[in-house]
Every structure is written in structure tokens, then in C-alpha cells.
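By letter and in written order, the chains are A, B and C; residue numbering begins at 1 in each of them.
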């Protein structure tokens, strides 16, 4: 049984108006448990709409979403409970902070779940440790902190619900290289410590190349590709066509290959590219 | 008239604290930087390195505590010149949503020229011209909130072009955009600089944007630690590394190849340059 | 869901009414609203009704979508008119039963109220239906310029309207986004009593206000960067010029006024 499965999932924007758009077009998708999965696609491809179906924030116009084989929209209760089991952290989450203190903001989700005072306390502390927020910040107002800190606190707010699956929508958007690095390391750490499934929505192919195990490419409301990072990046020409930018080194090796150099496909890191190019040059000399 | 459009001389700046008379620690510590007429200058640095403060000083929104900033020979501390200075130096900000004033694209582009008191017929002409320059003419009657991020930024750029400023400062214009939007905006910026000869100052933390500039200045902790052509700046890997910046992926690839005994000619930093260098390398060893 | 709310609806089109200058429309709508209350008998009332219907027809705005927006209003109008029938006891008695007296005076007042308000709604909503918000703001700014004598800056008012119009869709989108985000953290916005629901709004409203202030600060900065310094010395790209059709519209309305006055004189007033 898959962890999350969508069956013939259809979602319409502006349903029953002349401007009706099929945001999701008959999607059949299976996601197995474990690992970091990246959902990629350009703005408007339907990737954000898709993940909002995973935790029942959006209801499908047609088809169903199964979690552990159970329909999450079977009734209101199941749908509501699914939000805690599949934690979704939206884009620019720092703009959704609202409590007086960092602690209270992280505790919002656990409180809504009906945890006891003690459970909340431990959930908040654990989540804060995942994102590297020290206890000395707990009594501070989240609005006084730096942008990067705010974002990590907002992410902790979702982690504190102790979800089985953590979905992060563009967690590195708008951050500088240091900030991006911190978030990526934090995700890897969370994954390592908890062993839970993480779904990462991104249009940064460099981030995806760095940390993802599996990649799902969404284009025009359909699943265009699904596979390991290596498999997906082997289709770099198609990715470019879908408006996704492949890592710089992938672009370079692709162009050299088009010019007649015999290089393998599916190169997406600097190390791989350097190895392939060095091998190619060595091979030429041998010939 | 000097060839510099903006001259920043030994500038110190700190923001006011919450309490009366309180000064926060300085964000700029003795910055000296010239922007040459017609050049494309990139300013690279982390959030909080003082990059954005520099923008505020260049268009007289803030005044230095010490040192001077002059725009085309006008001292920004002279309050009477503020308006004149802002009409010469246009600014595009990071968040495309927060800088568009009107609810129709062409009206927004007209906002600047209207403030400058330009004749109506001339505004029309400039607005149409500016929108064509950024490739948004077909969207002139659209509502800005329905456009993509890249399109909104291009409208904001058109708004500055229509003011006919000599210099345009872009403060992380691509930070909130997706790859398509980023490319649209970068192409537009390059086009403005190369074809219209507008001086461009691009504040960014993307290396692959900075390498496209004529000159790169690296800021860290309120100081300019490196300044020169992209090649000069990115070859100083150790200094870059110290402030947590890296060279471009292409630059890293060259470095990795060097470790494997492959020395490419020159120091290619962009994919295009790399291909040329690689071919030359092969050509030299048939 | 919240995105479906449309404020200051405008139906783009190319009809005679669409093409009229915004200032003409503002003045004439105001005039016609006054005319509606000048009608003293059924003849003049009929004239203004016919005029309103013709205007709606000329605007070529689908009647169905117009009526849809008014559904709730019609119920209210009907109720107020009915109340008039029972409370007004002037004129000849038509029907009497126990304490209920229905008189001609009551019925006439009810009809007048009903017709007047409906005409009023139609005519005034035609203004927003056929004029884009930007043009409307522009027209208002220019019409209110004489208020300078009273130290009221029409430019400032117009700029506030412009910015409000620009940011309403952005803020609606933002509310939608924040709501989804808080729902994902288990916020319950749909159940519970009034107090609980009001409390549930805090996680939505606090970020909304915080973000709005940030936007306002950014926008003010952007406006200053673009040399904004109030209305002084400012020109406009759009030149508003009255065309022949505007004069025609004025003449038609003058004729309407004359018609109403004549009908009022020749026939007995019923109200």
C-alpha cells in the first residue's frame, strides 16, 4: 500500500464559469513511504494545488486522495485529522506568524490538536531543536527576529504537530545563499533524526539536486515525470521546455553533448560533471 | 562633468533606534564606491550586509552620518536637490506587489512621469515606449495583480524607464521570482544597459546574475571587501569563501577540473564562456 | 471561495454609456437621482422608469447578471413597501378588517417607494457598471477640485481610492493564503459560536495587519522613489475631454427634467 495515492484526481479553478481551468488533469500518483521527495514545476503548473489536496485543504472535483489506503475526504472528521498527519507548510510561512511569543506560535498547531500542556511543551521543544531555534528565543516576539529565523520558527510550527509526512512549499524562496543552505541542512537533519517522509515543493533545481531522493515533475496539471534525481535529470531537454531551469552544469554537459562530445546523461552536480569531462578528455587521449 | 554618475565617499551610516537619540550599530562602515556612467555594476552580499541601505543613500531617502554621496555632482544631503536626484536615479524593489501603485499597467507606468509634471502627450509616448522596451506593451490594459511575478517586475522597470532616469538601481529584483521570471527580468536589465546605455546597479545574491555585470562589488558587514571585474572578484575564492559566498557553478566546475589536472584557458564563469574555453582546450590538443 | 467576491464591479463594453466621460456620468447620475424624487404623480414616475429601462438597455449589460446582484435588495424593498401599505392611513379606504386599514395613500406610497428605489439602484449601479474604477476615480478627482477652497485635496482622496482599488485584490488573495496556512495548522474557522469564531479570526487578522503595514511602508517608499510629492505640479497622462456625445447626454437629461416638471404641473400630484 502506498503512503499517499491519488486516483484520477481532477481539480477545477472557477468551476462552472466561462473561465474554468483544469488545474489538475486526471492525476494518478503513488508516493511510497520514506525519503525526501521533490515536487517540481513552474509557477501555475499545478504543483501547489496538488499538495493542498494531500492534506485535504482542497477537495477534489473528481477522483480521490488516499493516505495509507484510506480516502482522506471520506468525512469531515477524517479530512480534519489528516491535516495533522500530513503537515503542510506554505510558501513564505513567516508572514503567517501571529502570536506574541515564539513559543506560543509554534504551539498553535499542537494546541488545535488538543494536546495536553505537557505534550505541547515537549512538542514545541523538539520542533525548535529540529530547526535550530534556541530556547532563549521562546519568550521573544517572532516579529522582532530576522527573516531567516522567522521562517524556521514557522516551519517548526508545522513540525510541532508531529506529522507523519512533512510538506514544505518553496522553503528556500527569497533567501540568500546562507539562508538557503541553513534550511536545506535543517531538512536533511529532520529527515535523518525522525526518518519521516518529506515532500519538498521547489523550482530550484539546485536544491532538488542536492537533497531529493525522488522527483515528481508537474506540468500543465499532469505528472510529466517521476523517478530518481538521476532519471529525471536525464530528461534535461524536456525539463527546460517545461520552463524549469536545470543546474548550470547540466546545461553545460547537455550543450557539449549536442556538439558531439560523448558524455553520459543525468549529470546534475559539479563533481559528476567534472568526472565526466575528465573521463571524456582522458578517453580522447587514449584514442 | 565626471564620468561617474554616483560617487560614494567614505560613507558611514546607522539607523535610529527605538529610543530618542539612540543609534543602532553602523550598517555601513566607510564605504567608498563609484558608479561609472553607462556601466552595469553588481553588488553582491548577504542579507544584512548593508546592500539595501546603500540604495536608500543613493536616491536621497537616507543621508550618511559621515562621508558624502553625490549623484551627477549633486550632494544627496542637500534637501532641495532630493527631488532632482530621485528623477535621475530610479529604484526597483524586491517585492513586485508592493511597488505597483495603479490598478492598470499603463497607468502605473505613467505614475513617475506624471509626478515629474511631464506633458500628457509626451507621457503617453514615453509609457508606450517603455512598455515596448520591456516587452509588456500587449499587457498595457491589464490589471497588475493578474500578471506573473516576472511580468510585474518588468512593469516596475518600465515605470522607471518612463521617468527617463540615467541610472536604475534594482534591489534583489529576482529574489521572489521563479526561473522563468528571473530570466525575463535579467534579459530586460541587460537589454537596458547594452542598448539604451542606462547605468544599472544590480543588488543581488545570485552569483550567476553578478557574473553578467561589468563590475562586481562584494559587501560584507557594512564594508566593500572586493571590487573589480567578475573574473577578478571570483578568482579570489578564499576571500569569497570567508564571507560565505561562492563562485558560480561553472567556476566551481573549473576548479574541480583543475584538481583533476585539466587547466582550462582563462577563467570561465558562465556556461557560454566555459564551452568556448573547453573547445579551445580540445582544439589545442588534437 | 473568497476570491469570488467582486467589489466595484465593472462590465467592460463599448456602449454609448461606456463611452461617456466619467465626469458627465457622475454629474448626470446625481441629477437623475434627484429627478427620481421630483416625480409627484404616476405619469412622471412612468417617464423616469422608462428612462431608467432605456439606460439599462443602452448599456448592453446582461440584465440577468444585474438582477442577480440585487436579489437581496429586492426583498428589502418589497418588505419596506409592504410596511407602508399597513402604516399609511391617508386617502380613501380600500380594505378594512379589524385593525388593518388599507388606504389609497398607503398603496400609492408603497408603489412610489418601490419604483423609486429600484430606479435609483439601477441608475446608480449603471455608473459603476459602465465606468472603470480608474476612470471613476479620475473623474471624481477632477470634479472635486473646486473643494480646494475648503482645504479638501481632491487629489489625496483620489490617490487613496486608487491605492485601495489596487490593493483590494492583493489583500483578498493574501487572506485566502493565510487562511489556508492556518487551516493547515488545524485552525477551525467554520464551527462554534460567535465568540469562538471571532477568536478564530485572530490568527488571520494579525498576520494580515502586520503584512499590510509592511506593504504600506514599501509602497510609500516606492512612491517617493518615483518622485511622488502630492498633487502639486503633477500632470496626468489621460486628458479628459468632453465629446459631442457628452453634450447630447446633457441635453437628453435636460429634456427629461423638463418632461417631469411638465407632467407634474399638468397632472394632479398623488404624493
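Here is the rule we go by: a residue touches a chain if its C-beta (ideal position, glycine included) is under 8 Å from a C-beta of that chain, and two chains touch if they have at least 3 such contacts.
Values in this document were obtained by computation on a predicted structure and should not be read as measured data.
The chains touching subunit B as well as subunit C are A.
Farthest chain from subunit A (centres taken as the mean of C-alpha atoms): C.
A straight line joining the Cα centres of subunit A and subunit C is 46 Å long. Between subunit A and subunit B, the centres computed from C-alpha atoms are 30 Å apart.
In the complex of the two chains, the subunit C residues touching subunit B come out as 132-134, 162-163, 165-166, 169-170, 173, 214-215, 218-219, 221-229, 233-239.
Listing the residues of subunit A that touch subunit C in their complex gives 52, 55, 57, 80, 83-84, 87-90, 93, 95-98, 108-109, 112-113, 143, 157-158, 161. Subunit C meets subunit A in the complex at residues 177-178, 180-188, 202-203, 206-207, 210-211.
Within the complex formed with subunit B, the residues of subunit A that make contact are 42-44, 146-148, 173-179, 203, 205-206, 243-245, 247-249, 251-252, 255-256, 259, 270-271, 273-275, 277-278, 281, 284-285. Residue ranges on subunit B touching subunit A, taken from their complex, read 46-48, 94, 148-149, 175-176, 178-181, 183, 205, 208, 244-246, 248-250, 252-253, 256-257, 259-262, 271, 274-275, 278-279, 281-282, 285.
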